[in-house]
């Protein structure tokens, strides 16, 4: 086994938006190739902000961030980002929306149509390819967004609560598909979710974050090894891990009011 | 105990959007005063549509719908709707957004300010009252939307995945707060969620829906009685109920692809 | 409102208010009226005259017809056309025996008669009566460009010809070093007056005031052109900071040279005169080229009783 | 159905009001002709009006298309970069705010009198509303979608063509709608300023000039009416375009059902 | 910082081009004066230009405010109901598309010549872009937010004032920006059409006449320059308003950081 190659590095990073309060406080993080790192923590603790720093969509305030050996922006061609909102173009159909990322990469039309169809089928949207976003349900919109990102086969995939609007079955199914895709064409993932079970099922590392200001509270290694099948969820060591992460979460979360 | 008063009635309701396919097929439903009915089912099966019919935001195609003894629109003054999206006005601060529903009801400024503050505190947003929506995280936006609806103290509350974007702790906390509010000033609730545990914890009735076309697959009564405390979640009969609903869900969900 | 000012019986010694509407910003071509005002000729007739300066779209005839002004001045043709359209006004005296409209040309490409317009491009007011007359009556053919008010294109192009006031534009063109001439449009076949006119209501109710006004105005004109024009020029200059004194002098000289106000004494013309014969001829001509809606009699367009005797 | 009746009804009201004003205020036909008088004049002068309308339509259409396309392209430049915006916008404003009368000699000299000059004036008049609107539209793009494009490593051109342009369409179309009303009056104004004609045939601008001088007021109003009808054709064309571009996805086309 | 230099740099380029055209094309100062000649003329005529600019500013400001406020109110009516829109919009278009020259006699008659007439003309010219834009804005409101208001049992008035008006602000402000450039030239045009010189001094429109007949072309361009400067004040005021209204929440104010 090779030594893992670090592809995302945060060194003493702090972040504030404009002149607002500190949102991320003194963060250190190394994500290695092949990692599936999940960030979990209370609403507003800065999970989306971490992903925005990695993607270069938002600048950090102090410290340093490097991604795939470069400044974050320079690594975008090897990244894909599933945003917390679906961010579909309202004037494009489902099919065209799913093709968008490939279109931006100038893939020939026929090829990208096929690729987008494939991913739309994966997320179960083959029947609404000609619908406009305003004709889709909330979960369907989110699935279009997921399909769009998956067409890219990126080296680094950023996922911000991609499955939050989906029912458990679809969610589990997509979890498994995601891991299957990763086995086919390996990518590194930085993942945000509120579901501890999902985090445990998908990741090899879970970062539990605390709020006010946002910081890393603890990291949990999940060493079940890939590939993982749905039966894993039934196994007692899975539940043990879930409990461990939940306990950590309870430590950081002060219930409001 | 009085005979329960029916306040929402669907009789053989079908729904299609424009000339599209059938989205809800032959639905019959009676919701009685004090019910907490949860709709659960695969993404795109028509849960949001059911709530839209009750609120009168969308017309049904055949059959009949009556709400609080009237056509749906006429009952809006006694309803509140938490949409699947936060739908905040981008030009208003958190505080002003939370006040909006009361402002539409022409409540005097001082009173509504106090009420909105109270609800913002409940959802843990007291520190961002002066933020604009674009400065909030996804979960924070959703919580503003929840606070806004709760200021109204409605007779009938429609909730479309209100807690989907929240972490488990906040979610559980808000679940309990919701029940507490309901104990104070009783309301009937129609609730959509993808979390079976949440459904079981909150509801006295759970409707499991199937897709293609959307229809009611089964109904489960949850007779734990209110008030319910968080310890309920630890009890074995809770888990039994969760398992029962999950099993029903597995029946209806055909995994895509 | 405003109408009563002219019709109310004047108390003894009090001056009767008269509003007089001109067709343009104050300029030497209005000099006679300002002279009459400055030298007290109106006051001497018992009139308190207010000269309402015009401007673009001054709507002189409309103003008078609606009683917003008591009298006004404009081109004689226009009054005839307006009367034929039913506008209730009448000429009451001539301001100028000939309208000062002319055509400005570069001496390098001169116009000796209107016939020389054949085949050239003329910038002029589209729809002007005189255009119809020379086109239809004299068979002259030319390209027409609407008159906007700029002389830049004229200055830039030696073949350009442009409608002007002979009393006005030539001065400025020469000032800028151009060698130009101006051909008066009025000729034997077509001789429009420049006239004073009043509303028919005013004529019916208060002919005496009209008589006094015309008399004093003609007196003012004669004095302006033959005597010392400075009283009027001072009034004009106060409202027209842009006009140099030399221009005022030029304009007065041009009015004298072309005998616009006094007319040709050998033909029996004099300041203020309107003759039925010339108006008849004018009406016939307009009728012939088709700009009149209906037949009008000389008596419909003018009243000769106010013209001061020479 | 009923919606078609409303303008007719309000039109009837408007005409009644018109007659009322005429009668009550004692105005006469040389100030405010009645609709009937205008229709009579329109009928009398129909051949001249039609010919003139044809001429004007040509200038208006060419000027409008020029404004629509150049306005679009200019906005792309302005929307593309803040530097270009800072460099060009002030000079566009200068162009827009310089009274046409001052430019008339230059226009005639460079574009030529007659149709080319008329087209230039029409363009000058209807160009800026398009630029102002489209530029605002390009800048108003949803920043979440911009972030999506940034993440997709979209080129500046892709961001503009695939994202900003479609999302600016409602603004562009509102600008086109303004331009559609300005084009015919712009052409008339252009004829007024830089038109020429062999001996008196020209567009509606010529007729306006000559009817005005000749105090043919009903005919003047008939000319105005013709210009309005011409304008309606332009506006209708833009409305159709608006529908075609937006109805499938934009919120200004309210779904009956959502 | 650098952003302020750009228009200056492009201005220098523009002026160089201008000189180039003058020299290369052999034009003379009565067609295209050089910037220097214009500045000289502006300095020479400074008192008159200033006084005239003052007069014009008055007409322009009054007309602009009238257009801004009436345009706002009209759009509320049009945005409020489809029936009102169907009834009124066609007649607004007629008003907009009737050449001002045709209305001039009526304007002079009803509003009076001089300032009132000038204000009316300015209003007529700058009114419609505001109405067209604001109406489009009112109709473009996010339908999800409309649903929120429907659920809140909002009255029609609340829906308009609390929802549609704020969300139409970017459109309204784009309309105001267009109107801001139109107001000064509208006032000049108004002076040109219905001005008089009561009181002895006129506005810039009067100077245009005067300089034109007197062939003072550099002074004419200096007048145009003055009109542009006046226009810039209007545009700057609107830009300020735009900033004040939108910067906190609207996506056209790009956050450096999101």
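The letters A, B, C, D and E name the chains in turn, as written, and every chain counts its residues from 1.
Just so it is clear, contacts are C-beta pairs under 8 Å (C-beta built on N, C-alpha and C of every residue); 3 or more make two chains touch, one makes a residue touch a chain.
Bear in mind that the values here come from a model prediction, so they are computed numbers and not experimental data.
> What are the chains that subunit C and subunit E both touch?
Chains touching both subunit C and subunit E: D.
> Please tell me whether C-D or B-E has the greater number of C-beta pairs in contact.
C-D
> Take the average of all CA coordinates in subunit A, do the same for subunit C, and state the distance between these two points in whole angstrom.
86
> I'd like to verify one number: the distance from the centre of subunit A to the centre of subunit E, where each centre is the average of its C-alpha atoms, in whole angstrom.
Each chain's C-alpha centroid was found; their separation is 50 Å.
> Whole-Å distance, subunit A centre to subunit B centre, using C-alpha means?
Inter-chain centre distance comes to 27 Å.
> So what's the Cα centroid distance for subunit D and subunit E, whole Å?
It comes to 16 Å between the two C-alpha centres.
> Mind pulling the residue numbers of subunit B that touch at least two other chains?
17, 57, 85, 134
> Give the residues of subunit C that touch two or more other chains, as numbers and ranges in rising order.
62, 66, 148-150, 152, 156
> Residues of subunit E that contact two or more other chains, please.
Residues 30-31, 101, 105, 109, 143, 147, 192, 208, 212, 250, 255, 258 of subunit E touch two or more partner chains.
> In the complex of these two chains, what residues of subunit A are touching subunit D?
Counting only subunit A, the residues touching subunit D are 55-57, 76-77, 79-81, 83, 85, 87, 89-91, 100-101, 103-105, 132-134.
> For the complex, give me every residue of subunit A touching subunit B.
17, 20, 40-44, 48, 84-85, 121-125, 135-140, 143, 160-161, 164-171, 173, 194-196, 246, 249-250, 253, 255-257
> In the complex, go through subunit E and note every residue touching subunit D.
3-4, 6-7, 9-11, 14, 27, 30-32, 82-83, 86-91, 93-94, 96-102, 105-106, 109, 128-129, 132-133, 136, 139-143, 147, 170-171, 173-174, 177-178, 181, 184-185, 188-189, 192, 205, 208, 212, 220-221, 223-224, 227-228, 231-232, 235, 250-252, 254-255, 258
> Sort out for me which residues of subunit D touch subunit A in the complex.
Residues of subunit D touching subunit A: 144-145, 147-154, 158, 162-163, 166-167, 169, 248-250, 255, 258.
> In the complex formed with subunit C, which residues of subunit E make contact?
Touch residues, subunit E against subunit C: 28, 30-31, 48, 101, 104-105, 108-109, 113, 192-202, 206-215, 217.
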